[in-house]
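Two complexes are shown next, each including subunit A; its partner changes from subunit B in the first to subunit C in the second.
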Partner chain A sequence: MRSGPVARIGWAVLLTVLYLFLLAPVIIVFIESFDTSTYLRFPPQGFSLEPYRQVFANPDFQAGLKVSAVTAATTTLLALLCGVPAALALTRLRFRGRGAVEAAFLSPLLVPNIVLGLALLILFAPIPLTDTYWGLILAHLGVTIPYVVRTVTAALAGADPRAEEAAATLGAGPFTVFRRVTLPAIRPGLFSGGIIAFLLSFDETVISLFVSGHTVRPLPVAVLQYVEYRSDPSIAALSVCLVLLSVVAVVLVERGLGLRRSLRP
Partner chain B sequence: MADQPAAPARAGYLRLAGLTKVFPGEGGPQGAAVAGIDLEVAHGELLAVLGPSGCGKSTTLRMIAGLIEPSAGTVEVGGRDITRLPVHRRDMGVVFQSYALFPHLDVFRNVAFGLEMRKTAKSEVRTRVARALDLVRLGHLGDRRVSQLSGGQQQRVALARALVIEPAVLLLDEPLSNLDAQLRGAMRDEIRRIHDETGITTVFVTHDQREALSMADRVAVMNAGRVEQLGTPEEVYERPSGRFTAEFVGRANLLPGTVTATHGAGGGAGAEVAIPGLGTVRATGDAVTPEGRATVMLRPHRITLRAAGKADAGPRGTVLSAGYSGEVIGYRVRAAHDGPELEVEHPAGAGTAFGPGAEVLIGWDDAAPRLVADDGDPA
Partner chain C sequence: MTTAVPTAPAPAAPPAGRLRRHRPVLLLLAPGALALLLTYALPLVWVVRMALNRPLDGGAILQTVTLSTFTDVLASSHYWNVIGQTLQLGVLTTVFTLLLSYPVALFLARTTSRWRSLLFALAVAPLLISSVARTFGWMAILGNQGVVNKTLLAIGVIDDPLRLANNMTGVVIASTEIYMPFAILAMLAGFGRLDPELERAAASLGAGRFAVLRRVVLPLTAPGVLTASLLVFVLSLSGYVTPRLIGGGRVFVLATEIYDEAMNSLNWPVAAVLSVLLLLLFGLVVAVHLWAQRVLEARFTGRGRSTS
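The block that comes next holds the complex of A and B.
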């Protein structure tokens, strides 16, 4: 396509405006996170690192961070342990009802989280699993496994099943084939799936709101309850920390995908 | 190539008996992908399984390898029944059509994989991998990544990887079909040389009759899940048992006629067959129906054409078309006015070239006509 300088400048302006629009909330939150004021308002009144100190000193946030980290890590591990065999079965085996199983694995994505949260609350309350780590992890598994199944299925589709057969003919038993041939081939997909699962679990608010309580309260729920009563710059500082965590994770995913590309030129 | 020993001392090293595969959803014995194959391969023999796509040849190979479980029948190697043995305990070297190399390992590690599985000592792995890479003439590329290799080199790595474990049987699934024409010719000779150097019993599957004829000690022609004919390349080409083999292995004119006389028996059997438009043809073979009908096979390159003078006797014909293809000229000739249409091949540059409409005298090698059972199953 031929494009003159006018068209190019037009594009640049359009893209800049678009990105500014998308990033505006993040930029405002970033600026606000250094404010000296006692409540959130724009423009800021001064510059200070005090909001960040408050975040790290807040016992609710500390407890929430711990709950979220433990939940997200366990959820990620279990989601991979369930999702990888599921993806393997769905791509490598032909069995009756395969389509139904695949649909079942992806169906949590179709149900609004608020409905899922309510349903889980009704289900968990009498057991009782509400306000426990396991309840939270179980709830998060429902929304993370579909993503792991998706990413690993995509990675498996790109791996040559004949290579697995070749390994078997060379004397590798089924588990060795998986460890030595299948796993290296799907490692980027596994990596991406794992990070996506971690982020989803770490960020998950709606379902957590239903199944968590005062003892086991993940960070997003703690944040939500904090802003119900107060809104000061420390909440902006916390948001900046969470955004940075996500950015780091996305960069890792990108590098994971880049790794796959370099393996299969 | 003509006098390959068809049955050396150690016959039946690899033995398939009644090997059958019916895939789920393909009901009935008619729909079987492989319908009861009996085959014996001698120790050190190179057998080609030749057939069109979908004839069951790859399925057969995969059943020998243990990658597909047979519905019925047995696979034996060296007198041992391995039908129920899982693939990783079978000791088969397999080269796949797509090569199926391990993309995350370098050439050396690819080749060493089978030895690692056998827990071979490190120093021995090094010498044996080096020897295998030398055998396929890739000795200098051990530390390359697989993705840096050309198709032909990947093929050689796959071959080295299968050979290094010194398998009981080497299985090649369409090993040359992903290579370009020039490379294919070179690899054909290469595989034959490697086979002769190692003496490994080899079965290779192909749809290319030239590959099968030029490389194999014996050829098993497969069609619709069955072995149509098993024989040396010369037998399969010169004395096809049926219409399918005649047409699939090389090109053939198949001419139905009425038997006027038969003579001899067994290998020396022959018959005279009256073919409309060509007169009486003397053919070898004994494929004559009880009603006295027979089909004569004439290979296109065994037919000769001469310019027809007014006084010349013998079958005549009219050239319908002529196609130049470098080495040969392919003619289509109508025998008499209403006789059969013949395919004829002449070496280009030798003798006269004929244009469409030319009147010609049709002749053939006396030894060329061959009776072929007409199983009514055109290729």
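The block that comes next holds the complex of A and C.
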């Protein structure tokens, strides 16, 4: 479009403002995380690393970090074990109802987490699986499998099936074909799917609120319950740590399958 | 909205010996299907079943099959108020999110800057940042001691702090920012038909800038905007963290109500009824979306034919 200098400057200003709005909470959290004040206020009253020390010294957050890390790692492993074979079947084999099966595998994304959380509570409470590691892991599995299926399907679609057929013709069994031909080709997708699954499970809040308890309480739930009653710079420090974790994940995903292909809505 | 997954061009029929009918398919699908059955399908059936029970005093549940919990909920003005606030939050958040996301998506779809990947990552990365952390950031911005109020007070624009937190205004502002990355992604995925050549052609034929925007850019981007609106509306109808934290216990939407009934009042049947109502609302929204998509598609092809 032809545009004069005024229009171009106006457009640049608009975009800058929108980007600032989009990044405002992250920027503010970063500024507040070094405050010396005992409650959250603006502008910061001083500069110190004390909030960071407080976060790591808080026993609730220490326990939460452990629960979240163990849960996310196990969930990721299980989601890959469930999701990769499904993606393989959906892209490499032809069968009736393939479209319906694919829709079913992606459908948990359409159900609100608040409903899924209540549903899992009602199912798990009598068994009893609530407030246990396995309950939390199973609860996260349902919402992470669709992402793995999606990224691995995208990676498989990009890999040439003829290489697999050639290997099979030359006498390789199905497992050898998968291990020696398919797996190396889809490694970026596998990697990106795994990273996203880990992060989703690590940050999952709403479903966890229903199925966790006082013994097994993941980090986001501990933070949410803390913030409901008070807000101080230590939460800002914790938020900065969570943001850094996401930045690492974003870089890794971008290096793998690429952000755009991994996050397609 | 999740159907946009690229699938492989149908591979040539696998060697007959390897694919002996459906056994490989079932074997490969079994682990995932079992997991989803346990963690998603079965729980949803349990919710619907729970909605047909009746709550008794003190968290006890009468196992029965009745619609009386539904009729009780629908007869209460409190829950109608909750549904109204949920829709209000959904509509306002969707409108603002679309308005603020559209320029960013348009920019990202057309830019040839070498910072393109970085600008894309900056716009979309917040999606992968914990919503608790981002909502906390908005508490620091919107609160009475927050950035906005302290700054405006200091420069003397206002005398009393603006009420931006603990009410619907704050929840809408924060929700808008939280759902913007989703909207930008959805718009970009739907902007495939956008082509700078078309705009240049229209301009060279004498169309002014607004005519190009209205007659070329907007129609071509309409499908992406429609997908984004469905996604954001559905997400904001069911959001919990932001209404809970920014609302400060004064904003009542279906999600916060479901949590309170289930975890504080221990009234599972009512929580289940509210969940089923939320799912029905979702179904209605998706149906309207599909209808709008058909209308849009018909207008597109209709116009194309009449001008050729």
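The criterion applied here is as follows: the second predicted complex is superposed on the first by the 245 of 265 C-alpha atoms of A that agree within 3 Å, B and C clash if a C-alpha of one lies under 4 Å from a C-alpha of the other, contacts with A are read in each partner's own complex, and residues count from 1 in each chain.
As a convention for this text, a contact is a pair of C-beta atoms (placed from the backbone, for glycine too) under 8 Å apart; a residue touches a chain by one contact, two chains touch by 3 or more.
Quantities reported herein were computed from a predicted structural model and do not represent experimental measurements.
In the superposed model, A:63 lies in contact with neither subunit B nor subunit C.
Using the contact criterion defined above for the overlaid structures, shared-chain residue A:246 touches subunit C, although it does not reach subunit B.
Of the two partner chains, subunit C is the only one that A:141 touches; subunit B does not reach it. In the superposition on chain A, A:185 makes contact with subunit B only, not with subunit C. Contacts of A:115 after superposition: subunit C is touched, whereas subunit B is not reached. Of the two partner chains, both subunit B and subunit C are touched by A:165.
Contact with subunit C, but none with subunit B, is seen for A:210 once the two complexes are overlaid on the shared chain.
Residue by residue along subunit A, subunit B and subunit C are tallied for touches, and C comes out ahead. In the superposition on chain A, the residues of subunit A contacted by subunit B and by subunit C overlap at 162, 165, 168-169, 174, 263-265. Considering their complex, residues 160, 162-163, 165-174, 176-177, 180-181, 184-185, 263-265 of subunit A touch subunit B. For subunit A in complex with subunit C, the residues that touch the partner chain are 1-3, 7, 11, 14-15, 18-19, 21-26, 28-29, 32, 39-43, 78, 81-83, 85-86, 88-95, 101-116, 118-123, 138-139, 141-142, 145-146, 149-150, 153-154, 156-157, 161-162, 165, 168-169, 174, 196, 199, 203, 205-206, 209-210, 220, 223-224, 227-228, 231, 235-236, 238-239, 242-243, 246-247, 249-250, 253-254, 259-260, 263-265. Residues of subunit B that touch subunit A in their complex: 65-67, 86-94, 96, 98, 100-104, 113-114, 117-118, 147, 158, 161-162, 165. Taken together, the subunit C residues at the contact with subunit A in this complex read 1-8, 10-15, 18-19, 22, 24-25, 27-36, 38-40, 42-44, 46-47, 50, 100, 103-104, 107, 117, 119-141, 143, 145-147, 150-151, 174, 177, 180-182, 185-186, 188-189, 199-200, 203, 209, 212, 227, 231, 234, 237-238, 240-241, 244-245, 254-255, 258-259, 262-263, 268, 271-272, 275, 278-279, 282.
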